[in-house]
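As structure tokens, the structure follows; a few thoughts come after it.
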Amino acid sequence: MAKSKFEYVRLFESDDRCLPNAWIVVRVDGKGFHRFSTEHGYEKPNDVRALSLMTKAATSVMEEFKDICLAYGQSDEYSFVFRKETQVYSRRSAKLSTNVCSLFTSAFVYYWSEYFPTSRPLYPPVFDGRTVLYPSNQNIRDYLSWRQADCHINNLYNTTFWALILKAGLTPSEAEQKLKGTLSSDKNEILFSQFAINYNNEPAMLRKGTVLVRRRVPVAIASGGTREVSQIVQEYSDIIGDEFWNENSHLLTLT
Amino acid sequence: MAKSKFEYVRLFESDDRCLPNAWIVVRVDGKGFHRFSTEHGYEKPNDVRALSLMTKAATSVMEEFKDICLAYGQSDEYSFVFRKETQVYSRRSAKLSTNVCSLFTSAFVYYWSEYFPTSRPLYPPVFDGRTVLYPSNQNIRDYLSWRQADCHINNLYNTTFWALILKAGLTPSEAEQKLKGTLSSDKNEILFSQFAINYNNEPAMLRKGTVLVRRRVPVAIASGGTREVSQIVQEYSDIIGDEFWNENSHLLTLT
Amino acid sequence: MAKSKFEYVRLFESDDRCLPNAWIVVRVDGKGFHRFSTEHGYEKPNDVRALSLMTKAATSVMEEFKDICLAYGQSDEYSFVFRKETQVYSRRSAKLSTNVCSLFTSAFVYYWSEYFPTSRPLYPPVFDGRTVLYPSNQNIRDYLSWRQADCHINNLYNTTFWALILKAGLTPSEAEQKLKGTLSSDKNEILFSQFAINYNNEPAMLRKGTVLVRRRVPVAIASGGTREVSQIVQEYSDIIGDEFWNENSHLLTLT
Amino acid sequence: MAKSKFEYVRLFESDDRCLPNAWIVVRVDGKGFHRFSTEHGYEKPNDVRALSLMTKAATSVMEEFKDICLAYGQSDEYSFVFRKETQVYSRRSAKLSTNVCSLFTSAFVYYWSEYFPTSRPLYPPVFDGRTVLYPSNQNIRDYLSWRQADCHINNLYNTTFWALILKAGLTPSEAEQKLKGTLSSDKNEILFSQFAINYNNEPAMLRKGTVLVRRRVPVAIASGGTREVSQIVQEYSDIIGDEFWNENSHLLTLT
């Protein structure tokens, strides 16, 4: 049983190390979650339990990978930003995407019952993953802006769409027809005039998505008083404008 | 909130389509499973519940991906062989590895309680994944032989190692010392003379690992009689020699 | 002048080794040769001097790289087929394409005056290069068939096109108009009926392109008699059908 | 002669587009130029004719590729820096390296007789090429510093080595022995005390290598007076320190 005779097949594995000094993003995306959310009775337009479970899974990923400096999630997706200089897994692309994707998926199933205590999933949910490189700070900011703009556009649409259905009694196709070709301002107007909803007062988590970062937070100690520890905290900040980045300038500088 | 202004970042995603007309293997591997198996009380040298759960998860993967023609698993790893001509996900490497890896992980957690009914995992288990190409039939056979030879070598070692500990009362380091530098024949001899174990009579699943293939099997139909349906079946065949491949020549030919 | 301080930049070079056990083709293509051929007074539809110079340059490449087992050229392009098992430059893709491309270009300029003795090029001619992998024997045969079919289609068109211009006095746009939408059989008929040209009697080098292979050929030795040496010979064989490959079966088998 | 039947082989070509927003460097390197320089009677330690021919070839490359903003050459190598935003050949790596490499080689042979008028090369010279990406301005500066530091180290060594041979009558192995383990300061001292050479007074082209950049330069016009045109000029600047980059800050900013 000469193992060595066959071991040459290892040479067929390719070297997929990421370019040094570039931001590494791993994004996980729910596979077929439109159907999954319907089958599992997700509330519309947003299910806070599902979003919280996503954030729980993402937090597990950040706890494991210390070199993830920021994560951003919305809907059925989460993006993980690794420090530019990370040497985790020698920056091997497939190692990064599969480990993040597997841990995210695992935690999603593992913690399901904390958020949906009365049922278990009908089948194992799946997330795909990809690794993308961004050379400059502007690029990584634009990447995150792209995802947050996507969150805004979809959530404004979905909020209006489901108000028309749930509160005005339209059918899905009637609601779709009504929204066809409308601008953001039109949807804001429909929400306000027809449903007395000021979209800007909707919960920030739904409008902005969830940002996970590490912060020094005070914790009580046994002897009395507090000490600071690093914790992963969730925020619902605007990450398109400059304010967040000015206040968190350490995120974009070498450590 | 001009989404389009940011959308240029999509261009940073690279095209990772696999070379056409090559066998695609996705292998998933448990991350830190030495520790995981200890913490979860896996029986030594082999835990049939754990191996069965692995095979259950692998079967879920094969049910989803019809273009996987064969899977081979042993210990905490499973290899999935896609048809040479598969066009699943346009043969994109990361799509294949992350989807397989995520579904495998998800099913592993999801079905855990069927195999370990009295406990749940202490934390979410993780598997990494990789995609490797093999151009020729000989290459893909040698790949599978490599994994099965690995199974044989490790299982013979582990069987002897744990017999020395569990039946002869050695400490792990004493057992390790005793086996240092021994050949296969030496270990067979220890098992036979000291523990009356004929290694060849050990369960094939442990010695050979598990092969998953699709077979036409008869199923009873309501009106009486049977009809054939395609099912994923597990076998513990030798896949190093020619016999398996002669009997399953369809696996290596175009469909 | 600390060199080591900067040497980290070497880590930005990526590993581009080709998949083992796959045929490696490097194809070089003239850049802007439509214009180049006009400016240098190439005879139409074919200039035998130019084709011979291409073959001279290709022969220089084959003399340098012993692992090229076959080359095929037509018009302003040449394809070089490396043995499946070659380890030249550790199979690094860019090393292979740039070395072949540079040597081909260099030889083309260097030997120009042997084929165009009365003039020198007006400017340095350029060829681009690419490396492509083909896993199976059928794939590499189909690749070569693709190039030879391209030669046939273009040469039949060009032969007819230039006969219409040079012998029937049409303008280029009149000739183009006349050939628009015609089949091969139409062009054969035009050549035969209008110009008494039986296309099949045109020189094989023009109809089939040039195949370079290594052959054992007898050479005279000083003491009288002959001995066989390996030489690169040019042939104008059909490489689409089976005959060539049956007669040269060594080309597709491991050495 | 169904071309389409074979055209599927085009799908085997891979997409090798470079990451956007990263500096692209193509470096060409003489193949076997130690031997080539000896066989062609290059003067030692430096042959100004050969260096000038290299720069002539590099200038041809820059004239063709307007998106090369800077080139740096020394010994038998030249590096070409493309603008970060270049879309030449859709940033395809192999297209860039083979085109640059082919044109450089072609021009080297083509213009040979202008620099070596009494002889032609004994055989076609070859240069290999590679494409490397550098994400940040610091990285690209460090890359160029690496090459210029290499120039300095080699030229100081060679100047001393050949002085020992040509002026002090040592054999090559005696000279090598004498220089083993010496520091820069030791070599400077040998040059000064033994040969009255102040290394810093050696020609800048030899000590620093050649930088090619585009400058607006005044040219006389027919009607009298001058107008500015963009020209490729050669300079022998220090490109390790900040001064060059401060004076040429446009090179590192978007255009």
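Think of it as A, B, C and D in the order they're written, each chain with its own count starting at 1.
Following the convention adopted for this analysis, a residue touches a chain if its C-beta (ideal position, glycine included) is under 8 Å from a C-beta of that chain, and two chains touch if they have at least 3 such contacts.
All of these numbers come straight from a predicted model, not from anything done at the bench.
Q: Could you tell me which pair, A-D or C-D, is linked by more C-beta pairs in contact?
A: C-D
Q: Could you work out how far the Cα centre of subunit C sits from that of subunit D, in whole Å?
A: Inter-chain centre distance comes to 31 Å.
Q: How many angstrom lie between the CA centroids of subunit A and subunit D, rounded to a whole number?
A: 47
Q: Counting only residues that touch at least 2 other chains, which ones in subunit B make the list?
A: 8, 12, 14, 19-21, 133-134, 139
Q: Answer with line, ring, star, complete or other to describe the graph linking chains that touch.
A: Looks like everything touches everything, fully connected.
Q: Given the complex with subunit A, which residues does subunit D contribute to the contact?
A: So the residues of subunit D touching subunit A come out as 19-22, 133, 135-136, 139.
Q: Please give the residue numbers of subunit A that touch subunit C in the complex, ascending.
A: So the residues of subunit A in touch with subunit C come to 8, 11-12, 14-15, 17, 19-21.
Q: Per the contact definition, I'd like the list of subunit C residues that touch subunit D in the complex.
A: Spelled out, the residues of subunit C in touch with subunit D are 1-3, 5-10, 12-14, 28, 31, 60, 93-95, 97-99, 101-111, 121, 123-134, 139, 142-143, 145-146, 149-150, 152-153, 184, 240.
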